[in-house]
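In this document, chain identifiers A, B, C and D correspond to the written order of the chains, with residue numbering beginning at 1 in each.
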Amino acid sequence: MTLAFDLLLALSLLWSGWRTLATPRLDRAIVLFITFGLLMTLAWARLSAPDIGLAEAAIGAGLTGALLLDAYGVLRRPREGP
Amino acid sequence: MTTGLVFAMAGAALFALGVAGIVLIGHLLRRILAFNLMGSGACLVLVGLAQRHDVADPVPHAMVLTGIVVAVAATALALALVRKLHALSGQIELPDDADE
Amino acid sequence: MNEPLIDPLVWLILLPLAWATLAFVLGPGRGGWLAIAGLVAQCWLAFNLAQQVGAGGTAVHAVGGWGAPLGIDLAVDGLSAAMLLLTQTVALPLAIYARSYFKASDPAGAGFWPLTGFLIAGMNALFVSADLFNLYVTLELVGLAAVGLVAAGGGAQQVAAALRYLFATLVGSGAYLLGVALIYGAYGTVSIATLVPLVMNDAPRLVWIASALMVSGLLLKTALFPFHFWLPPAHGGAPAPVSALLSALVVKASFYLILRLWLGPLQPVLPAFGWLLALLGAAAIFWGSWQAIRAVKLKRLIAYSTVAQLGYLFLIFPLLAAPAALQAGVMQAFAHGLAKAGMFAAAGVLIKATGQDTVAGLAGAVERLPVTMFAFALSGITLMGLPPSSGFLAKWQIIQAALAQGHWIIAVVVLAGGLLAAVYVFRVLRQGFLLTPENVTFAPVSRTLEWSAFALAAASVLLGLRGVELMQLLGTRT
Amino acid sequence: MMVVALVVTLALAFVFFLSGAMLELGPAAIDLRVPVSAHLAQSGVSHPVTAVLLNYRGYDTLLEIAVLLLALVAILAVVGEAPAAPSRAAHPVLQTLGRLATPLMVVVAVYLLWAGAFRSGGAFQAGAVLAAAAVLLHLVGLLAGWSTPRLRLRIGLAAGFALFLAVAAALLKQGSLLQYPPDAAGALILLIECGLTVSLALILAGLFLFLAREEGA
C-alpha cells in the first residue's frame, strides 16, 4: 500500500517536472514548478525528513516560486532591443 | 523495493530530465527551472539512496538543507542575470557567441 | 597538531572570508587596501605552511574536533600547499593591479573586492578540504563568485557570457553533487581518508558511474575541450583583472580536484580514463591555439590560449604512475597561472591605452608602452616553453616523463603546441613593433598597472630557476 | 531533431544504468547514525539534524552562508544602482490579509528557531518564513522594493555570517575551528542561530526585494 503511494508520488514528481519543461505557456510552467516543489515536500515527508520538507516548502517552492513569478512578470513585457 | 530506493530512482530521472532540459532548451527562464529539477534530483538521490533500507539518516538531511540554500542562491543570481540581459537587449535566450 | 591560534591552514580560509565581508559592509568599490593587506598576510601564511609541509610532511585539522567521518577534516600535503602558494602569490599582484584599474565609481568594480575575497576563500578552502561534500560547497563558492565577477557592471554581451558560464558551472557542480550522493549511498561516508581503503577494497558499478559524473562535472568547470565553449566569452569579455584571476586560478581549482580524486579515493577507478583525458588535452592544445591564431580581439586571443594551455595539464594523466608527471602538472599550473595573469594584466593596460580590444590596434605599443609589451613577451616566453622559463621546465618534464614511459606521442604534442603558441604570441608582438599610425593616440596609463603586470610575467620566467624547491614540496604526499 | 533524440536516448540510458546499479548495491560500510547519536549529548542540541548542521558539519554551513551572502553581493553588483520600485497598492482585502498574516508568520519563525534545538526547525526555516513575510508585504503593497543598501542594511545582511565566522575563529583556542566546549555548545549554537535567522531573513528577502526594484526601470 505505502509502496503504491510512493510510486504514485514519484511518478507525479516526474510528470510535473516533465510538464514544467514541456508545457508551452511559461506562466503554467512556473505554476507547475511550484506544484513540483510541494510534491517534493511530500516526498521529503515520506523519507522521514521533515526538516528538509519545511525548508523545501518555504525556500524551494515558496521563495523560488515568488522569484520566478516576479521575473516572469517583468520578462513578459516586451522591450525594444537596442 | 523501499521508499528510499523509489525516490532515489525518481531523483536519478529528475536529474537526467533537468540536464536534458538545460542542454536542449534555449529559453533562459526554462533553463533555470531545469536547473532546479536537476538539483532536486541530486538531493533525492542523496537522501533516498542512503535510506534504501528505510532508516532515516540525519547526515544527508543536513547536506540537502545546505544544497537547497545553495540552489536558491544560484537561482536568484541566474534570475538577476536574465533580467539584466532582458533589460539591456530585450532577449530571453542566449545569443550566439559573437566571436568578433 | 601545531600551535592552534596561528594555524596557517585555517587562517588562509578565515582571513579572506573576513576581508570579503568587511569590504561588503564598507560599500561598493571600497576595501581595496583591506584586500591587499589581507593578501600580504595570506602570502606569508602560505609560505609558512609550505615550509611546514616541506619540513614535516602533511598537516591535518579536524574541524569541530570530531574528526572524520563524523566531522570534516582539512588536510594539507605538498600538492595542496603548492596550490595555496600559487593562489596567494598570483592574487596579491593582481589585487594591487585591480586597485588601480577600477576607478572609484566604476560599476564594474562595485562588487570586485567582496567577490574576490569569497573567490579566494573558496579556492583556499577547496585546496585543503578532505571531505567530498564540503568540496561541493567550496566549488559553488568559487563558481558563483566567478560568475558575479564576470557579470558585474557589464553590457549585454558580458551578461550573456556570465549566464553561459553560470549554467556550465551549475551543471558541473550538479554532476559532481550527484556523484557525491552515490558515493555516500555506497559507503556511508564522504571523508576522503575514510573512503580510500573502502574503494580500494570494493568498487561496485555505482562507484564507476559516480566517478564518471564527478570527473565530467569537473571537466566542464575546467573547460577542457570540448567543454571549453563557455570560457572564451567569459574570460575574454570580463574586465582585465577578472580575466586574469579566472584564467590564472579558477580553472585550476577544478583541475586540482580531479587530480586529488585521481590520486586519492577514486584511484581504483579513474586511471581507466587516463588516455581519454590526454586525448582531449591534445585536442584542446590544437583547437585552442588555432583559435588564438585566428582571433581578432586581443583578450579573445589570450582566452583561447588558456583553452590550449589547459590541455597540457591533462597530458599528464596517463603518466601519473611516475611521480615526475605530477610535478610536471603542478609546474605547468604555476607557469600558466603566473604567465596568464601577467598577460591578461598587460592586455588590460594595452586596452586602456589604445581604447580598443583588437590585435590590429596594437601598432606602436612597443614604442609607447615598452614595459607592458616586455611583460607580454615574457609571458609569451613561458607559454611557448622557452628556457629558462617555468613553462620550459613544465614542458620538459612532461616530455621526459612521456619518453621514460615510452609514450613519444605525448612529447610530439607538447612540441607542436609550443610552436603554435609561438605563432600567436609573435602575431601580437609583431603588431606591437609596427610604427604608431599618425591618427592614433595612446592614453596615459598608471605605472602601477604596468609594473604589476611586469612582476607577474617576470615571475613566470624566473620561477624556472627556482623550480627545484617546488618539486621537493610536491614530494610530500599523504 | 537528431540532437533531441540523442540527448533523450542518453538520458534514458543513464537513468536505466544508474537505477540498475542502485538496485545491486549492498549495505554501506559505514553507518554515521551511530556516532551522530553517540555524541549527541556533547553536541549542545538534541535534534540530530541540527547537531549535524551546526556542530558536526558546522563548517559546511559556514561556507553555505558565505555562498548565500556572496550571491546577494553578486546580484547587487549585477543590477547596479537603481531607485527602489514604489510599492503598488493592492486590493484592501489583500492588504488586511497581509497585516494579519505578518505577525502570525513572525510567531511561527520564532517558534521554528526555538524548536530547532530539539526537533525539526531551526535558523534556515525561521529565516525563510520571515523572508516570506517580507515578500508577502511587498506583494500586497505594504513594503517597497529595496534600493542600493545603506550601511545599516549592509551590516544587517552581513552580521549573521560575521558572527558565525567570529565564533568559529574564537573557538580555535579550544584546539580547532568551530570546536565547541560541550557545556557551552548549546548556548553558542543558539547565539549563531539567532544571528543567522536575522541575516538569512534579510538576505532571502533581499534576493527578492533588490530585484523587485528593477521593475519598470
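Some observations on this one:
We adopt the following convention: a contact is a pair of C-beta atoms (placed from the backbone, for glycine too) under 8 Å apart; a residue touches a chain by one contact, two chains touch by 3 or more.
Quick caveat: nothing in here was measured; it's all calculated off a predicted structure.
More inter-chain C-beta contacts link the pair B-D than the other of A-D and B-D. Per-chain CA centroids place subunit A at a distance of 19 Å from subunit D. If each chain is reduced to the centroid of its CA atoms, subunit B and subunit D end up 17 Å from each other.
Rounded to whole angstrom, the centroid-to-centroid distance between subunit B and subunit C, based on C-alpha atoms, equals 26 Å. Chain centres here are Cα averages; for subunit C and subunit D they lie 30 Å apart. Within subunit B, residues 8-9, 12-13, 17-19, 43, 49-50, 52, 59, 61, 63, 65-66, 69-70, 72-74, 76-77, 79, 81-84, 87-89, 91 each touch two or more of the remaining chains. For subunit C, the set of residues that touch two or more other chains comprises 133, 137, 140, 144, 147-148, 151, 156, 159, 162, 182, 185, 188. Among the residues of subunit A, those in touch with two or more other chains are 51, 55, 59, 63, 67, 71, 74, 82. Shown are all chain pairs that touch, namely A-B, A-D, B-C, B-D, C-D. Subunit A meets subunit D in the complex at residues 50-51, 54-55, 58-59, 62-63, 66-67, 70-71, 73-74. Here subunit B touches subunit C in the complex through residues 8, 12, 15, 18-19, 22, 28, 31, 35, 38-39, 41-43, 45-46, 49-50, 52, 59-60, 63, 66-67, 70, 73-74, 77-78, 81-82, 84-85, 88-89, 91, 94-95, 97-100, going by the rule given at the top.
Remark: subunit B residues 5, 8-9, 12-13, 16-17, 19-20, 23-24, 49-50, 52-53, 55, 57-59, 61-63, 65-66, 69-70, 72-74, 76-77, 79-81, 83-84, 87 touch subunit D in the complex.
Touching subunit D in their complex are the following residues of subunit C: 1, 4-5, 7, 10, 14, 17-18, 20-21, 24-25, 27-28, 61-66, 69-72, 74, 107, 110-112, 114-115, 118, 121-122, 125, 133-134, 137-138, 140-141, 144-145, 147-149, 151-153, 159, 162, 182, 185-189, 194, 198, 204-206, 209. Within the complex, the subunit D residues that touch subunit C are 17-18, 20-22, 24-26, 28-32, 35-36, 39, 55-60, 63-64, 66-67, 69-71, 73-78, 80-81, 148, 151, 154-155, 157-158, 161-162, 165, 168-169, 172-180.
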